[in-house]
Each structure stands twice: as C-alpha cells, then as structure tokens.
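Input: structures, listed below.
Note that chain A is present in both complexes that follow, paired respectively with chain B and with chain C.
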Partner chain A sequence: MVNMLLNGLQVSVDEGMTVLEAAKFFGINIPTLCYNEGLTPYGACRLCLVEIGEPGRSKLVTSCTYPVGEGLIVRTHSERVVKTRKLLIELYLATCPSSKVIQDLASEHHVTRVRFRPRDEKCILCGLCVRMCAEQMQGKAIGFARRGVDRKVTTPFDRKSEECRLCGGCMYICPACQARCQGPREEKPICNACLNLSQPCLDYFDDAMCFMDPCVACELNSGRTPKSERRNNP
Partner chain B sequence: MLQDDAEGGGGVALKDLDDILSESIRRNGESLVAVLQDIQEHYNYLPERALRSLSRKTGVPLIDIYRVATFYNSFSLVPRGKHQIVVCAGTTCHVRGASKVTEEISRVLGIGPGQVSADGNFSLDTVNCLGCCAFAPVMVVDGEYHGNLTPAKTRKILTSLKAKWLLPAGEADERGLVDDGDAEETEGA
Partner chain C sequence: MTVTPKRLRAPEDLTVLRQSLVDRTDDRKPRIAVCGDTGCAVCGSLGLASSFKEIIERRGLKDRVGLKVTGCLGFCEQGPVVLVFPGEIFYRKVGPGDVEEIIDRTVLGGELVERLLYRDPITGQKLPRCSDLPFYKNQTRVLLEGNWRIDPNDIYDYIARGGYSAVAKALYEMTPEDVISEVKEARLRGRGGAGFPTGLKWEICRKTKGDTKYVVCNADEGDPGAFMDRSLLEGNPHSVLEGMIIAGIGIGARHGVIYVRAEYPTAVVKIRNAIEQASELGLLGENILGSDFSFDVTISKGAGAFVCGEETALLLSAEGKVGEPRQKPPFPAEKGYKGKPTVINNVETFANVPLIIKNGAAEYRRVGTEKSGGTKIFCLVGKVNNTGLVEVPLGITLREIIFGIGGGIKNGKRFKAVQTGGPSGGCLPEQMLDLKVDFEELSRAGSIMGSGGMIVMDEDTCVVDIARYFLQFLKSESCGKCFSCREGINRMLEIVEGIAAGEGSPEDLDLLEELACAVKDASMCGLGQTSANPVLSTLRYFRDEYLAHVELKKCPAAVCRALIRFQIDENLCTGCGICRKECPAEAIEGERRKPHTIDPNRCMKCGVCMEVCKFGAITKS
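Our next item is the complex of A and B:
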C-alpha cells in the first residue's frame, strides 16, 4: 500500500495501480476517451490529465498511464486541469463533431463553443480499436499506418485483411463511430442539447443536471414541450 | 519489376525473395527495419508479397510490418526509379533554397516529388532532413551527396548524370558528356 494525497484527501491505495484507477476507486470521475479497463493504457486522448506535485511546480500527466507512488500529490479537478480538459474537448469537437461520445463530453464539461474550424474526421486516433483487435480478439488485423497528419488506422495494404474475423470489436469500442442524437442543431459542430434544452428533471431540481449516458431526455427531445408551457399546463 | 508487382511476381523473383529473406533474417534476426532495408535494397521498393512472406517466415503480424514500412520515408511500397534522387526539404535546406532546387530537378526530369518517370529510370523524393545541414541545400543521387546546390549547379549535375544513365555504357565517356554539364543544356530541357 502506498499513501498519497488525492484532491486533498490522504488515501492509501495498492501499489501498481494507476492514478486513474485510484481516482475511480475513490469515486472521482475523470473523463477518458482512449481508456478501457480491458485494454493496455495508451495515453493518447490526454483527457484524463491530472495535476501532480506541489503547487507552483506541478505538472500535467495522463492519469491512465501514471503509476501511484508514495507521497504523490494529485489534483484531478484543479483549475489548470479543467481548463486544459475543456480545450481538449473543444479540439475533439472540431476534429470529430459527428460523435455522440464527444458531444456528451462537451455538454458534461460545459464546453459551449468551438473556436476551431470543424474538420469532420471520422477518427480521433485513440487506438481503442487497434488494441481491442490485438489484445481482446487476438486479431492483429488493423493497426496504425503512415505518420504525422497522414496517420490512420487501416488494414495491411488498405485491403480486406485475412486476419479479420469480422467480429465487430473495433466498431463496438469506437468512440467516434456512435453518431450523435438528432439534436435540433445537428449541422453545427457542437450540439449541447443536454445543456440548452430543459429536461424533465429540471422542473424539480433547478440546477441539477442528470448525465445519464445516453441521456434519455436528450434522445426524446423531438416530441418535447418547452419548459414554460409545461409549467402552465402540467 | 512493374509487371512483377502487378501479377504477384514471377518464378525468378520468388526464388530471389526466399533467398533474400532467409539470408537477411539469419543476419539481422529480429531487427525488422534491417530486414526491410535488405528487401528494399534488392527490389528498389517493398513488394507486397515480400512483406507477406516475411510475415509468414518471422511470425511478425503483417500489420506491424506494414506499420513500420509506411512510417519511414526511406521505405516505399511502390516501385521506385532505377536512379533515386532525394532532395532535402529540412529547415536549413528550405531556408537556403531547397524548393528552387526541387523545381529545377522537376524541370530537368519532368517528374514531381514522389513521382517516378514514365520509363522507370528516375524517381524524385523529398525528405525532411538528411543530417548534413552544413551543405544545405542538399540532394542525394543514388547515395551520392551533392551539397551547396543552386538551380544552375543542380541542372549541371543532373544533365550530365542523365546523359550518362541514358546512354549505353562506355558511350557517355567517349562523347565527353560525363563531366561537362553545359553541353546538354538543350538536351535536358
């Protein structure tokens, strides 16, 4: 067991855990895109950034790959972390606005604007599918090829792979494949429907935000009556 | 070699391939890049069947080989020219006029960066640094470095080399084309 300071709390965790696992164990929610419990941590999406070290000389590290250590000081939601995380989500929104997972993250973290030109990529290069194929499916059918801006996930020679058993694991785990719910502003790079539209729960708890995943209210939005009318005609 | 690739290689190529792979694997063991370099040296590029065969022989998944082969600029999956011209487009070379040099090469050879001439004789590529910035701008022709280039100097070097390559062996020397670049300004254009 090692002792560390997690958001000001003195905690003891098993040696060999990552900071992300420790935070999850104590119920602290750190957003991730490229992390999955069954796969090797990869540290690609950077969303799980946390601040470690003494204030003033702290640094940002990816919690999914950072091991816990004796006397480690971790802050998972410091101002610096939150600011960086929001910028990252904004960048992801610009890269892949068609993904529901990313749109949900944006609403959850109150990212309400995109200052970058939308690129409409179909892939965020998180590597989940590649690891899924190799580690869980023993497939080794897909992988990264090329490099830099040309880097992409593909099969050897961009052709149907003999190793592929069409298990669909890559699609199952892909955060970019899940299309966003048909919000009223779907042509925009940012949906924020979960933030902007009143939800049933809001009539009872004004500031409460229910982030069920997927958000049912959000998906049933089309036949919904505006909040003001509902108040008058219950 | 072009036909080899189209229909998957003839009998001779196959025999070659086995020998090359066995020899290279024996010498280099697990070093994938070294084996790929040997294949590239022999074929001028990395034929698909060579990579597939390598995967079967070594047990390295094909996607991992493909990943390495597409990562490095010095590996090519399509046939390259018999004579390879590489221009450095790194920072120093860029500042010292590499783009002008590249344009000049394109004019002399009639191919752009990344292309192979129709007769399969030359290919032109740009790379991001050759590590000899003191000689910037630099081009490498078949492994031979030419530094401190200007468009005029580039043309001179290329036209003389081109004449040498395109003529049957021996004839180039007789006509004195090898060292004197100015004589074929018109021919090269």
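Our next item is the complex of A and C:
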C-alpha cells in the first residue's frame, strides 16, 4: 500500500495502481476517451489529465498512465486541469462533432462554444480499436501508420488484411463511429441539447440528465421516440 | 608516421605509446590543416586537400610538412578554410590556385599571403592569426579545440594529445562511484536540451538493480540548421567514444549504442572507423587496458524523424520499434534500451566527460556558472555577419555571442530577435540581449537552451511568419499520438496562418494564447510541451506586431504576402519597362518613358519587380 494525497484527502491505495484507477476507487470521476478497463492504458486523448506535485512546481500528467506513488499529491479538478480539459473538449468538438461520446462530454463539462474552425474527422486516433484488436481479439490486424496530422489507423500497407476476422470489435469500441449523435446541424458543430433540457423532462424520463446512453434530447431533436417512451407503449 | 597497432594491455602501454607520438603535438612543426567538414567541402575543400597532398609529395616535402584534413573549424561562412601552423594562420576562401603559394610563401617562407587573410569588417584590418579574429578570440574553445589539431581518422592523433588517458584514470585510479561524483561535482548538465544533471542521471542508473545496463549516445540532432553534434562526431569522434566508455565504467554497463541519424553518412563512417581503431588497440572490447572492464559500442541508424531525438522514442526506435515517445516514469535510467537500465546522453555531453575526468571537476568548473559547468557549442546562423560553430562558456550574454563573436547584424540592419533552442525554442527581443545564457535564465525568459541552435533575425523578419514557420515544422514532426500535440499544433498553425493572411481578429490572439498554454500543459513529451514556445514567446515580446496584423491588417516587416502592397514611386520610375516585362502576373502597366503602375488586384506579390528595378522605384509596405 502507498499513501497519497488525493484532492486533499489522505488515502492509501494498492501499489501498482494508476492514478485513474485510484481516483475511480474513491468515487472521483475523471473523463476519459482512450481508456478502457480491459485494455492497456495508452495516454493519447489527454482528457484524464490531473495535476501532480506541490503547487507552484506541479505539472499535468495523464492519470490513466501515471502510477500511484508514496507521497504523491494529486488534484483531479484544479482550475488548471479543468481549464485545459475544457479546451481539449472544445478541440474535439471542432474536430469530430458527429461523435455522440464527444457531444455528451461537452455537455457534461459545460463546453458551450467552439471557437475553432469546424471540421468533420471520422477518427480521433484514440487507439481503442488497435488495442481491442490486438489485446482482446488476438488479431493485430490494424495499427497506426504515418505521423503527425497524417497519422491514421489502417491495415498493413492499406491492403485487405489476412489477419482480420471481421469480428467487429474495433467498431464496437470506437467512440467516434459508434452511435452517431443526431444533435448538431451542419453549420453548428455543437449540440448541447442535453444542457437545454427543461425541467419537466426530468419527471418525464426516469434517467435524470442524459449524458447517459442514449442521449434523450438528441433523439427528441431528430423526431424519434425516446427509449423510455418506447418501453411504455411498444 | 605510421604506427602498427599493438594491443594496449596496461595503462603504462598507453603512456609509452603517447610518448612515442609526442612530436605530433609539436605546433612549431610546419603543418597545414584543411577543413574537410560539409560547409567547406561543399566549397571544394576536399579537392584542395588533394592538391596540397600532391604538391607536398611532388616536391618531396612529405617529412617536413604535415597535412591534415580536419573536422569543422567553425567559421563555415568563410570556407574553404585552411590553417597553417606554426602560428595558427587563418586563410579563408582558399581556391585551388592558392595552394602552391601557401606552401611556398607561408609554410616554407614564413610570410603571409595577404589576399587570403580575414579582413575585419569594422576596422578594415587584415588579421592573420586565429587568435586575432573576433570570431575566435571571444570564444572558449575547449571541446572544439580538438577539431583544429586532430585528424578524425587517426586515433594516434587523439592519443598524442592525451586521448584515452581519462579512461585509464577512471579504470585504475578511481572507483565507479568516484567517477560519478566527479561528474556530479563538475555540474555537467545534459547538452541535449533539458539540461538534466548528468552525474545524477548516472547515479540513478548505477543504483538501479540489473545485470545488463546500456549507455546510449543520442546523435539524432534533428533541429533544422543545427550541426554541433555532427561536427563533434566528424571532427573528434574519439572524444565521444571515450565519454561513453567512462559512462560505462561509472554505471557498470558493458554495451554502448550510438543512435545517429541516417542523414549523417560521413559521421557514421567516422565513428565506425573510430570504433575499429579503438578496438584494435584494446581501448574498446574485452578487458580494456588490461582491466576486467569490457565495453563495446554499436551503431544504430535512425530514419529521419525529429521526434526520434526524444529519448524514449529514440530507445524504441533503436530497438526497431515505432519511434514514439512513451510516458515517463519509468525513466530510461530505470527502464530503457531493451527494458534495461540505460543512461542516454547527448553527443556533446559525452565529449565533456573526458575533460572532467582528466583535469578534475574543480578545473572544469572554472568555466561556466554556479549551476552549470563548462562550455556550450552553438550554431550561430541567420542574419549575423559571422555564422558558424561557436563554443562559449555557459553564462555568457546573448549580446556577447551575437555582437562579440557574430560581429553584429548583416548589412548594418537592426537586430530584432534571436531564436534559441531549435524549432521549439522561443524568440527573444532586444531588451533580452543581456540575458545570461544558461538553462534557467533562458527558460525564465520563455525560451529553452535546446541543443544549441541560435538563429538571429533582423528587422526584415516578421514574427508571425516565424511562428508560422516553426509550427509548420512541428506539425509535420509531431508523432501524432497525443491529441493535444497533434491537433493543438495544427490549430495553432491554423490561427497563425489566418493572422498572416489578414483574416485574424484580436480575439484570435487570446484564443491562440489559451490554446498554446493548453498544448504546453497537456502534451506528454518534450515536443508537445515546448511546441508552444515560438507562439508564446512572440506573443509575449511582440504582441504589437500581432496586433498590427489583426487590427490594422498590416505586416510591419512587410513579409506576410496578403498584407503587403507593392508600389511604384512615379518620381523615381524612368519608365524603362523592365518590371513590366518581368512581371509574371502581367500586373504592371505603363507607356515607355512614363511612370508605370501596379494593379493591386492582379499583383501576386512575388517581388520580382522590386528585384529587377535598377532605380529603386519600387517599394513594398
């Protein structure tokens, strides 16, 4: 066991844990995008940032990859963390607005504007699919190619892979292409429909706020019947 | 004089060998040193060297006059450079036709060849000796000293000047702990960029448990325009090898790897040759100098990615994996090459080590500052009069480097900014010229030491354009793993390009600053963490210039194409018509012998008209 200071609380946790796991254990919610319990932490989305060290000499690190240690001081929601995290979410929104996961993150973290030029990327390069394929499906059919803005997930030499068994694990785990958000219209990269839900909805739907699955407001907006309603009158 | 290699089996053998070579160090003996490094080689120095050789042989002077093709002599601007000993006479821009004359008049006759001497641009005086030239006079050449006197292809040259005696001393007169504490005491800090105390790094690695440990030399040097490490490897490869062996003694490693970028083929040849020669003499391999310490060095070639200079990426790349940085901890000292404890240092860091061991930490620390000992090599480039490789004590001011050694700004223009630390360094303005160059001061000022690039800019440089240039470089060199770095740099560039195109707004500056801070904070490796420096430092010191771009839609330095206008002064224009003929956009109209005009809608701002006008009638604003 090691002792550390987590948001001002003296806690003791198992050695070998990551800061993210420790925070989860104590009920602190840290947003993640490229993390999944069953896969090796990757540290690419940068959303799980936390501040470590004495104030004044602190730095930000990704909690999903940072190991706990004796005497470590961690702040998961300091001003610096929140500000950086919000800007990253804003960047995600500007880059990949059609992902419902990202739209929900925006609402959850009150990101209500996008100041960057909107683009519509299909992939956020979180690498979940690559790790899913390699670690859970023993496939190793896909990987990363190129660098910088040209980086992409692909099969070797962009050819059809012999290794791929079409299991669909990659699609299942993808936060960008699974469950497209119906919310945003083309000229507006941000949905925030969840934030604008009026109070009556709260009685009407049994799930209070809808960062939960599926996004009720989005489905409302697109004119489809929400799940809860469907359940009542099939 | 040729020596047949004989394995050295004890430190005394080395001493005996050195004594037999003593006449090589005699600077009174006539000797010619021709710079064979890239800058001079491009200007034909290798041909020059062979004509020296041929003439010396033809005239039967072989035993009387020595000839060496050396590594970079530093003053690349004046190449091809030839030094004549005794006297360290400096001849510049030497051509094949000058060879006979140099031999006849200087080497044999002891006179000077006036026309090949360097002329001080300020006083107009001709300066014969290296030590008279302001460029050399104001430097402290400790590491680069070897480049003047040593033939990099000949290990005996190095040994004659005390080479490998530090290895003998570390093996026979010191314990590994002594070696480490000497390096710590010397306050040697890593020259690869971050400035981590080298002794401390070694100590951590020594204390980490493990049977197999590695010493890795970082010779990736990917900064555009930097060639400090290449010059050391090509000019004095044994000093780097010796440093690596001593590191091996210190941490208890028996294998070393030099990771060198594949774009440095000459350096690879020189190191390979050096490794062979050292192995023949028993200075590498099993039982070095008869001790029970063994150490070998292999070469690993990179594949041209800037990010592979980052230590964790480099180690992965050397193992044959994808060169992407990984999260630290664990640090390489705990878990590095092939998962084993590894010390990774820069070329220049290793080159400092033999000096420390040989002369002792106290002597070494006589140069440098309280917190960092020794000298640092910089590549002084850009709009200064004297460009080249300069070695200065840490703690010297920027002004001394740029004006004392660099000889001030070209063409009498005004100094505007100096960029230190390579692509992810910061731009420092005139009011920072008295800043002392060391790791802390530079980072306090918003820049970094980096590996030693130093780009001087004059008043004709636009800082927005500079930020754009470096962001573009970093955008294509980011590995792309961290979202904050990949997308952050991309978006910073998008905003800066908008500003340069006249589409920026004052809010863009705030957004740019906010984004830059986030990228700096959120990225994993040094590339992302420092990528915001060009933006943040220019915003900090040159905000007015950004404001001129976004508010007045003007580029004060007249660089950003979208914001400049070419105009013809009708009083000066003679109507010769040459600009009309040369303009590729057919934007210039006018009758012969009457003042011409430029149609701003058609003008594509290439600037050809301004270049061809003989009357200076065309201006841009």
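We take it that the second predicted complex is superposed on the first by the 194 of 234 C-alpha atoms of A that agree within 3 Å, B and C clash if a C-alpha of one lies under 4 Å from a C-alpha of the other, contacts with A are read in each partner's own complex, and residues count from 1 in each chain.
FYI, contacts are C-beta pairs under 8 Å (C-beta built on N, C-alpha and C of every residue); 3 or more make two chains touch, one makes a residue touch a chain.
Given the structure is predicted, the values throughout are model-derived calculations rather than measurements.
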item: Touching partner for A:Ile124 - first (chain B), second (chain C), both, neither; value: second
item: Touched partner set for A:Phe144, first chain B, second chain C, both or neither; value: both
item: Touched partner set for A:Leu49, first chain B, second chain C, both or neither; value: second
item: Partner chain in contact with A:Ala106 - chain B first, chain C second, else both or neither; value: neither
item: First, second, both or neither for A:Arg80, with chain B first and chain C second; value: second
item: Touching partner for A:Leu88 - first (chain B), second (chain C), both, neither; value: second
item: Broader residue contact with chain A after superposition on the shared chain, chain B or chain C; value: C
item: Which superposed partner A:Ile190 touches (first chain B, second chain C, both, neither); value: neither
item: Common ground on chain A, meaning residues reached by chain C in one complex and by chain B in the other; value: 144, 146-147
item: Partner chain C, residues of chain A touching it in the complex; value: 43-46, 49, 59-62, 65-67, 80, 83-84, 87-88, 91-92, 94-95, 115-117, 124-127, 144, 146-151
item: Chain A residues touching chain B - in the complex, by the definition given at the top; value: 140-147, 155-157, 161, 163
item: Contacting residues of chain B [partner chain A, same complex]; value: 48, 51, 61-67, 70-71, 77
item: Residues of chain C defined as touching chain A within the complex; value: 305, 307, 322, 327, 329, 475-484, 486-488, 490-491, 494, 507, 511, 514-515, 517-518, 521-524
